[in-house]
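For reference, the structure is listed below as structure tokens.
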Amino acid sequence: MQPHQTRLRVRYAETDQMGVVYYANYLVWMEVARVEYCKALGFRYKDMELEDGVLLAVAEAQCRYLYPARFDEEVIVDTRVTSANPRMVSFGYEMRLAEGARKLATAATRHIFCNREMKAVRLPAKYWTAFGIR
Amino acid sequence: MQPHQTRLRVRYAETDQMGVVYYANYLVWMEVARVEYCKALGFRYKDMELEDGVLLAVAEAQCRYLYPARFDEEVIVDTRVTSANPRMVSFGYEMRLAEGARKLATAATRHIFCNREMKAVRLPAKYWTAFGIR
Amino acid sequence: MQPHQTRLRVRYAETDQMGVVYYANYLVWMEVARVEYCKALGFRYKDMELEDGVLLAVAEAQCRYLYPARFDEEVIVDTRVTSANPRMVSFGYEMRLAEGARKLATAATRHIFCNREMKAVRLPAKYWTAFGIR
Amino acid sequence: MQPHQTRLRVRYAETDQMGVVYYANYLVWMEVARVEYCKALGFRYKDMELEDGVLLAVAEAQCRYLYPARFDEEVIVDTRVTSANPRMVSFGYEMRLAEGARKLATAATRHIFCNREMKAVRLPAKYWTAFGIR
């Protein structure tokens, strides 16, 4: 599937005393990128939760940090679905600076579709096309 | 009412590139202190939410920053109820370093009792004594 | 001085189990708005820190929460300098939903200009006009 | 090397609207556990940064989420060094509920020793024993 591009600007709150972005915040950016990606796929993650009661519980996250991001830099997150079936979906991410294109990090997350009680469920068929499930 | 003392240690995640604790994190500490304070008052905030469906929605927060806290320092938060009635409760906070007692900040929050739909409700009478309501 | 408008979208990470934005995150938004406001005033906060070694240490923050913001909503933050002199600057904020213009919160922060050692300094004259200091 | 046990209590701020702990916060807990682990190894991470100018830059983080943690639960993080040499160190983590010992997550991080300019450096020999480097 086509990658989707999300742009965000590093917040002061996201830095730590090392003078660079604190490592957990890359996972926040990945979530922001996932939400935008869903919109690009044709649905709102919010609606999937509210209307269909389907949540994306994170089963695994992994991030490789290549170069530190700093306050006020613009970051581009390229996101794509790397695999999907009615039980789970995996995303791949590549983060880089908008200026100069320096690669910051590569990352991946794996998610299980579940209901509000956090029990695994099958993804309703109406979402299959969006995630590339046949 | 008696103040309650909460101790916490500054996390690396809580610092910013200024080398001190980011200002929004004091509000997180105040919340940690409120939860501990409720336990000292004889009930668990979690149970009030889960069993009685009563939430403490923040209506106002104010913090005066006197001296910056740094990574790995131990901080003491003194918390007390400054006023309460069946509709709302106010807390006062004083934060200082455990070592040397340097005062870090004074703060206050005002909360409205509400239900899960965020509508204002009257606090159930069983909690009145805990909050000093007669 | 003219208010500056910042737009941001509520992140999943910014919500809490109440289903609304956690109260400390409004202070993060206010910081994002301040940084954008500085750009609108004609300088980058980053450069003021890096090149002139002048930091804006928060001395006080206050926020009145009127209506809860929720995941994926677009929020507009109107920011303006409410008072300034070579020693300190105060900002006022008004936050509302982009859709429907419901007012979410009003807030204020007061900052002291200081150096990297967190000692109070006078703001270099070249920044006076930007902050409306005569 | 011996694992070290860190205890912490889930903060309200750490939950999200799914009613469970937001996934990025596990990385914050891992950092809290690393800092405590260093103390158990006989030195303070703060001093290594301040006195020797040696920082632990994260090169990779990975977390497998097994069961969701909820507000106010006590969490135990077992941490240990899984490999180390004068250039880098890896940590392994296991997180579980204090009550009932349900396993929450397993995780790993890999770090590169670097200086304040974020350049790779060799770990000073005085820290070798602590990290189990011979």
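For clarity, chains are labelled A, B, C and D in written order, and residue numbers in each chain start from 1.
Going forward, a contact is a pair of C-beta atoms (placed from the backbone, for glycine too) under 8 Å apart; a residue touches a chain by one contact, two chains touch by 3 or more.
Since the structure is predicted, the reported quantities are computational estimates derived from the model, not experimental observations.
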Separation of subunit C from subunit A in steps, with touching chains one step apart: 1
Chain at maximum distance from subunit C, centres defined as averaged CA atoms: D
Rounded Å distance between subunit C and subunit D, as computed from the means of their C-alpha atoms: 32
Averaged-CA centre spacing for the pair subunit C and subunit B, given as whole angstrom: 23
Centre-to-centre distance between subunit D and subunit B (centres being mean Cα positions), rounded to whole Å: 27
Sites on subunit C at which at least two other chains make contact: 12-13, 18-20, 24, 28, 31, 71
Contact graph of the chains (line, ring, star, complete, other): complete
In the complex, subunit B residues that touch subunit D: 11-13, 28, 31-32, 35, 44-46, 71-72
Subunit D to subunit A touching residues, read off their complex: 18-20, 23-25, 27-28, 31, 55, 57-65, 68, 116, 118
Touching residues on subunit A, where the partner in the complex is subunit B: 12-13, 15-20, 22, 24, 71
